[in-house]
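The letters A, B, C and D name the chains in turn, as written, and every chain counts its residues from 1.
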């Protein structure tokens, strides 16, 4: 997982603008914590409205922020005018997600012309303690000329 | 994908009770549409609060209901007193999810003593028209004696 | 998983010709059992040279024939001159693979312009008895104009 | 991916003995290059018998050595007497696998009582040049008392 260079000098504002259009992130209460070339972090504060039957964060909530983190990590490396689509992702749940907040970190493993592969981690923070609670691999597609932006 | 038989005669009320404790399903607006041995359907009405940047349902929202549908399909076949945990799932997005509502169908492929493998489909309904928009494979674990129920 | 129509009337000879170039299939002892639009079956006779440490077929051998079955199911629907590449696959092992032979069945779930998603099953045959021992989901890409054929 | 400690002081000989029983590794020509707690590398020399239709290493051959590397990385951390089974794995192909040889590196991400999650990478070596050609996530299960060893 090496360092990347953005093709689009406006990559950060472009990612932020697109994130702001993801109404589901607002519904979840997720915020964009960091944007760098090939690297995007999304933070989510823990609350009851996001839990499963045992009181932990629902795997789908973790998957949602990890998918967006991976997708925006991919988008940050795409040429201006291209949009990103999630083709597929796989998530492994390593431990119950509790604590104050979770951070989903999306990282580009390989950026190709059409296909970008990303790695994601979800880390639960409880005060000073950290624990990786989920890992993701996601395949993203660069879409051009379909009348959709970012 | 054959027919299954429940070990627990109370499987339906047990699934419904557990689903009602998943506060994230309420936050999404998802409802339990059908419970049968090894088969659970969850319905979600489309609304702006669940969308991604292009106005379609966010992949994470689809993954959330498909994960719950798969998990409860697995739970429906587990012995009384056992609980279900998602170990991992993989979802492929086949088409943009639009329409009035989506239905996630979870089906047990194989129920083992410890591991249950499920197949999930998310179908978008637009009036009378149907379209499969995502498919999932999920691995679930039967958990006993850990002080958690269902 | 509906019926499909081939764009290339020569789809069968094209699949068979490409399969014959996969020297790894010969090394495994795998043969092409059936080719139809969007549906390809590959057969493998069980032998010690393909086993893991407990004497069952190695998961990698199952994955190899399931990947080829899925890839050729995808290729059977592609336009003339296009080639197929495996982007990713996921396989679940449901039971130990024993018996006389295994059959990998690849089926196209959705054929898009660039991305084709396939479902695969590996079925172990022991005399008259059948058992599904593995399931796969594979994402394939249609490649044009890269100087590679089929 | 932190450092791990083996529970079984004989972990290395145990992994080597089990690997030697995987006849499929011999058929492929794969060798055990390195064994450490939670870390196993398997090497495979490139040859025509392992290729797909375009002359590159077949994705199934890469998956086979990555699955074994992940499985043995998991086994290296298991208690004496336990055996390892692959529940599922997912592999992404990042680039065509060519060169003199490939190295599959399996690393434990999290070792639980029943479930171990591993990360795998396949790196192609062409003289001094290296290239990551595939990444894997694998879920392994610890099996006790089933009459199978290692």
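What we mean here is this: contacts are C-beta pairs under 8 Å (C-beta built on N, C-alpha and C of every residue); 3 or more make two chains touch, one makes a residue touch a chain.
Computed from a predicted model, the values in this text were never measured in an experiment.
Visitor: Give the label of the chain whose average Cα location is farthest from that of chain C.
Guide: Greatest centre separation from chain C goes to chain A.
Visitor: Could you classify the chain A-chain D contact as same or different, where same means more than half of all interface residue numbers appear on both copies?
Guide: same
Visitor: So using the touch definition from the top, which pair is joined by more C-beta contacts, A-B or B-D?
Guide: A-B
Visitor: Find the geometric centre of each of chain B and chain D from their Cα atoms only, then give the gap between the two centres in Å, rounded to an integer.
Guide: Chain centres of chain B and chain D, defined by C-alpha means, are spaced 32 Å apart.
Visitor: Would you mind pulling out the distance in Å between where the CA atoms of chain A average out and where those of chain D do?
Guide: That gives a centre separation of 28 Å.
Visitor: Rounded to the nearest whole Å, what is the centre-to-centre distance of chain A and chain B, using the mean of the C-alpha atoms as each centre?
Guide: 22
Visitor: What are the residue numbers in chain B that touch two or more other chains?
Guide: If we look for residues of chain B contacting two or more partner chains, we find 87-88, 90, 92, 117, 139.
Visitor: Touching chain A in the complex: which residues of chain C?
Guide: Of all residues in chain C, those touching chain A are 87-88, 90, 114-115, 117, 139, 141.
Visitor: Which part of chain C faces chain D closely enough to touch in the complex?
Guide: Counting only chain C, the residues touching chain D are 18-19, 21-24, 26-27, 48-54, 57-61, 63-65, 67-68, 83, 85-93, 148, 150.
Visitor: Enumerate the contact residues on chain B facing chain C in the complex.
Guide: Counting only chain B, the residues touching chain C are 90, 92, 94-95, 109-110, 112, 117, 119, 132, 135, 137, 139.
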